[in-house]
Amino acid sequence: MSLPETQIPAAEASARKLTMVEALREALSEEMRRDERVILLGEDIGIAGGFGGAFTVTLGLAEEFGHRRVVDTPISEAAIAGVAAGAAAGGLRPVADVQYGDFLFIAMDQLANQAAKLRYMSGGKISVPMVMRAPVGATTRGSQHGQSLEAFFTHVPGLKVACPSNPYDGKGLLKTAIRDDNPVIFFEHKLLYGSKGARKEAGGIEVLGHVPEKEYLIPFGQAKIARPGRDITIVANLLMVHRSLQAARILAERGIEAEVIDVRTLVPFDWDAVAESARRTRKLMIVEEDNLTGGWGAEVAARIGDICFGHLDAPIRRVAAPDTPVPFAPVMERFYIPSTDTIVATAQELVSSY
Amino acid sequence: MSLPETQIPAAEASARKLTMVEALREALSEEMRRDERVILLGEDIGIAGGFGGAFTVTLGLAEEFGHRRVVDTPISEAAIAGVAAGAAAGGLRPVADVQYGDFLFIAMDQLANQAAKLRYMSGGKISVPMVMRAPVGATTRGSQHGQSLEAFFTHVPGLKVACPSNPYDGKGLLKTAIRDDNPVIFFEHKLLYGSKGARKEAGGIEVLGHVPEKEYLIPFGQAKIARPGRDITIVANLLMVHRSLQAARILAERGIEAEVIDVRTLVPFDWDAVAESARRTRKLMIVEEDNLTGGWGAEVAARIGDICFGHLDAPIRRVAAPDTPVPFAPVMERFYIPSTDTIVATAQELVSSY
Amino acid sequence: MSASTLDKTQKAGMFRRMVLCRKFEERVYYLFLEGRLPGTVHQSAGQEASAVGVCSALVEGDVITSTHRPHSHAIARGLPVKSLMAELFAKSTGCCRGKGGSMHLGDLALGMLPAIAIVGGGIPLATGQALAFQYLGRKNIAACFFGDGAANIGTFHEAINMGAIWNLPVVYICENNKYGASTSVDKVMKVEHVSERAAAYGIPGVTVDGNDVEAVHRAMWSATERARTGSGPTLLELETYRFSGHSRSDPGHYRPQEEVAAWKQRDPVALYEKALTDQGILTEEEARQIHDSVEKELEEAVKFAEESPSPAAEDCLSDVFA
Amino acid sequence: MSASTLDKTQKAGMFRRMVLCRKFEERVYYLFLEGRLPGTVHQSAGQEASAVGVCSALVEGDVITSTHRPHSHAIARGLPVKSLMAELFAKSTGCCRGKGGSMHLGDLALGMLPAIAIVGGGIPLATGQALAFQYLGRKNIAACFFGDGAANIGTFHEAINMGAIWNLPVVYICENNKYGASTSVDKVMKVEHVSERAAAYGIPGVTVDGNDVEAVHRAMWSATERARTGSGPTLLELETYRFSGHSRSDPGHYRPQEEVAAWKQRDPVALYEKALTDQGILTEEEARQIHDSVEKELEEAVKFAEESPSPAAEDCLSDVFA
């Protein structure tokens, strides 16, 4: 199921490096060129002299595609989601966005009760090919601008959920999301946007990625082994992939070879890849930025614990944010967001104590 | 931590039997008599000649307490939740309700971003003592009137979550919820309301419970051993407690003694009780009506799997609804809702195969 | 079809649809009483002029959205009664293959999005449909039904504003039947007419006698003209009344008996029958034939529904994803 | 205090508050540039007359709610500048003990709910506060600040309607600064004035020059009178302009330079200073003293904030539940 990084078509072959923002922007413009039905809906996404959305992803697109296709909306998140769903049922392929993922709660009924269920309630007669982009992650903006919300949407049947960790995946997954005939919630991490061509985020990490000029898609439901290893499996998404990779490098210095799996999509989820790796390393941990209780990691632990019962030498452990809102003060926020140190310590404990 | 059923103060001692609806109504009226600050907010809750809310819980309360305290609202779920939160911060103790839990998504921002976080964002200076009542469970009303939504709220730090399975607990937990200084989401199952003094629900089960006339409270975070057993632990809530008890009776005929734990509150959760039982029976399963992926059972499986690692003889298994919206046709809905048969079969497999 | 020139055939057709709506609800009422239908139901007897008047101004390709009270909308839009009845019977031949039920009736291919049972939830969807029509350069419009109760929910505000600023081809139709469940409209809004709220969005608001099917038709017709010619939405308020309780379990004791009686005096089906026969558009014999043919159609629909196969239990698992 | 009789001391006090708001924002601007403050910030220079005019009509026990742009509201309401500055510095002496930050400034005991950074999210909360006042028989009111952008979100509609039907003691205050982030107000609503929307709820809507602090005071005063006497809410629209970009990272290129220049001509702080000195209410010397004392207060606030202890990392875990 999962492709080791080296097998990914042309990823490393390309000399061109892009930031996440550039990669996502390219995905949008390629898809808009390819398919006239693709339109964008969101706040401040196309205003002349404006931002190109809260994080510049749509910058320049109104200039190329016009305001008919890059549609600036009022601050009306419920209607943004619902209008996107209605337009999708009506034959368009809208890509909507909220400026911060936290605002998805406002649109929750339209996403979870309408977009997600229209197909089912109609007995399969309707498709709702829409994408809702949403930036997540804590960046010293306090409780209402820093949540990770993947778990809420992973729990809604009828929604797909993507969460790329790097520009290459970002582009390939966004293109796939746009072509998918189902509603897709597409999470982007604020600290991964990169600084080139993007709004600079304090604490952001510079993830420049090889992005081939040739078109490619990344299928949903295929996790990626971001780093192979034999001693323990670390499953992560978004920013936590990078923390986990950094932790793996530190662990390697201590003789522990951690395998890091980037889930890439949470719905569908690549159960085979994770189960295979866990059976092989016999130890599993999950790293997510979301609050511990009820995070998506709980589902991974529950299901892998079940299907790999007897094949694991240690308890499945989760590293996640504590069960608190996101605090403002950087000192507390650093405590809140799972750190490389915690990942290292947890892996080390699992490897040495079991 | 957990109290075996027999120790519960005066529960079985009382001769008086009430339905859930009667017990909840009594909790509301007792608390309203006791504390002038308790008010009710909701749609159709106090209209003369009306319903007393969608399921008659507030019937008669406007007559006793007047429309100043039993406040009929417009159909404005976001404002109902937000006004309740604001009034709570302002010194009242509002008990709000939505007619069907499914509508909580409309109020999600006010619940998850505002009510849940006000205290935290203020550095602990504000309390938000409100209750949001919400009926859950599938009752042949289709996809938008039958969801179980506990997992969404269990995942929001700052919210408490209660889910009584019987009239005795319903009354005691609702009174505790009203006195709690935090926002509490209070889930009620439509099929447990009972028919006496309530709107009759097809498929509803008649859970008449001993409810003492003397006042009592049930503390949050104390699970209840609804039936003791030595062979396997079944953790459940709401309607699924009854299915699990029924399954336990069937299992007993086959020589398997299942211990059934009624969680009663999901936040706080009685980890000690479940862990203790699981360690004792060495087998654990979780039964919930919610969709499998990301249900609250995932957290239970994940955490107990971790803390009881090595103490269990079988994988932790979850019995839950499939990952689909709630279908309308009764034949499909019966398939959707976890059945006694499935619980029996799952328990039997765990006991006999491991 | 043009508003000013409804011809005999059209009028007779509208009348027949109204009768079909009414008798459908009557049948459904008894089928429920007899325990032959599962779930619950929100009936629309008394509101037929609104449903039929609106849909009589629509053309092929237009789309309606509806609510928890969708039966008459679906019938007025022309969905086959068989497929509606079969859906209520939870059969696989139902318009939603048994997955939707009463509250989600619809068939997009036939011009009706599955009804949305979350009050106000369909308003953004209708607006999105209209955006698609505008974008694709179609001459179609979306007709968005909702109740007076929905006028107080956030999506009403957000979506109508969006429809307004983008001049979308959509007509927002508030069936003001004076109550949202048990709650009288004047308990929950201070304005007398929902249509007064149109001003907040800079679009026309019109209040019409919702029990006069031709008045509804005319008002809807002008609204569709505006919508089709790029002038944007209208908020059309139709004053009407439901004869039954809010839902199956509701006897409706919160409504003064005189009020109910007064509205029953203005039964839209009876009124139109009288108007058409008075005007000599229908003979009494023709009217009778319409009633009979409707009975027959419903008889067949019930038979069809009853004889249709149930879905399989495992069908629960399909149709989640495309 | 009565609207018609603002005396010298009051006017001087209002002026000082405005200067404090302005200079607070100037300091904060440079503190951010210097990298001494974490996170982001939405500044309100240019909108001081609105914040101070509104709060000058409030009394002890009244409560304001605010937005992502709360600094001037907090200062106008009289929260100690030290505790605000300390919060921006993320210190444990901050008004939210470092947990809130710029977007959640507030202190309920001092009459300000923590600011709500979800656009429109505070409107139901303010309405709930007002419900509590009404229920408890207090003579207090809630003053609910929000922007023009918030006028298009569902909670605006739902909560104002509730305030209206229950005649709650609340004033809904829309600071219309012509833009929601980069989006000009006339792109997203068809009405010219947000106050026109009041009619949809059957309450008065008033539009006032938001850069004229005494005009704001007078309008707010009448609105509070209505609210305090049980006559219900008012929707008060204050026309104003922010001098800076939307947030720290925004240079504001979407606004025509002439527009910005024209509004800077109407700088509310300068206008009021001129009015007060022209009218002889303040001498130039007194005005200068006010500026100086404000500088001093801010100097101390920064010093206090810098010297205050940071919260401990583990403080993250407290204050989730009461």
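Just so it is clear, A, B, C and D label the chains in written order, and each chain counts residues from 1 on its own.
The rule is simple: a residue touches a chain if its C-beta (ideal position, glycine included) is under 8 Å from a C-beta of that chain, and two chains touch if they have at least 3 such contacts.
If you're wondering where the values come from, they're calculated on a predicted model, not measured in any experiment.
*Asks:* Through how few touching steps can subunit A be joined to subunit D?
*Replies:* So the least number of steps between the two chains is 1.
*Asks:* Looking at C-alpha means, what's the farthest chain from subunit B?
*Replies:* Most distant chain from subunit B: D.
*Asks:* State, to the nearest whole Å, the distance from the C-alpha centre of subunit B to the C-alpha centre of subunit C.
*Replies:* Those two chain centres are 36 Å apart.
*Asks:* Could you tell me the distance, in whole angstrom, between the mean C-alpha positions of subunit A and subunit C?
*Replies:* 41
*Asks:* Averaged over CA atoms, how far is the centre of subunit C from the centre of subunit D? Could you give it in whole Å?
*Replies:* 46
*Asks:* Enumerate the residues of subunit D that touch no fewer than two other chains.
*Replies:* If we look for residues of subunit D contacting two or more partner chains, we find 96, 98-100, 104, 116, 118, 121, 152-155, 158, 161, 165, 187-189, 320.
*Asks:* Could you check subunit B for residues that touch two or more other chains and list them?
*Replies:* Within subunit B, residues 73-74, 76, 78, 102-103, 106, 109, 113, 120-121, 142-144, 157-158, 323-325, 327 contact more than one other chain.
*Asks:* What pattern do the touching chains form: line, ring, star, complete or other?
*Replies:* The chain contacts form a complete graph, every chain touching every other.
*Asks:* Enumerate the contact residues on subunit D facing subunit A in the complex.
*Replies:* 38-40, 90-91, 96, 98-104, 116-121, 149-150, 152-154, 180-184, 187-189, 249-250, 253-255, 310-317, 320
*Asks:* Give every residue of subunit D touching subunit C within the complex, in rising order.
*Replies:* 152-158, 161, 164-165, 187-191, 196-197, 199-203
*Asks:* Using the touch definition from the top, list the residues of subunit B that touch subunit A in their complex.
*Replies:* Where subunit B meets subunit A, its residues are 102-103, 105-106, 108-109, 112-113, 116-117, 120-121, 142-144, 151-152, 154-155, 157-158, 267, 291, 293-299, 301-303, 305-307, 309-310, 314-318, 323-325, 327.
*Asks:* Using the touch rule from the top, collect the residues of subunit D that touch subunit B in their complex.
*Replies:* My answer: residues 63, 94-100, 104, 106-109, 113-114, 116, 118, 121, 123-133, 135-136, 142, 154-155, 158-159, 161-162, 165-166, 318-322.
*Asks:* Inside the complex, what are the residues of subunit B that reach subunit C?
*Replies:* 43-44, 47-51, 72-78, 102-103, 106, 139-145, 199-200, 202, 322-325, 327-336
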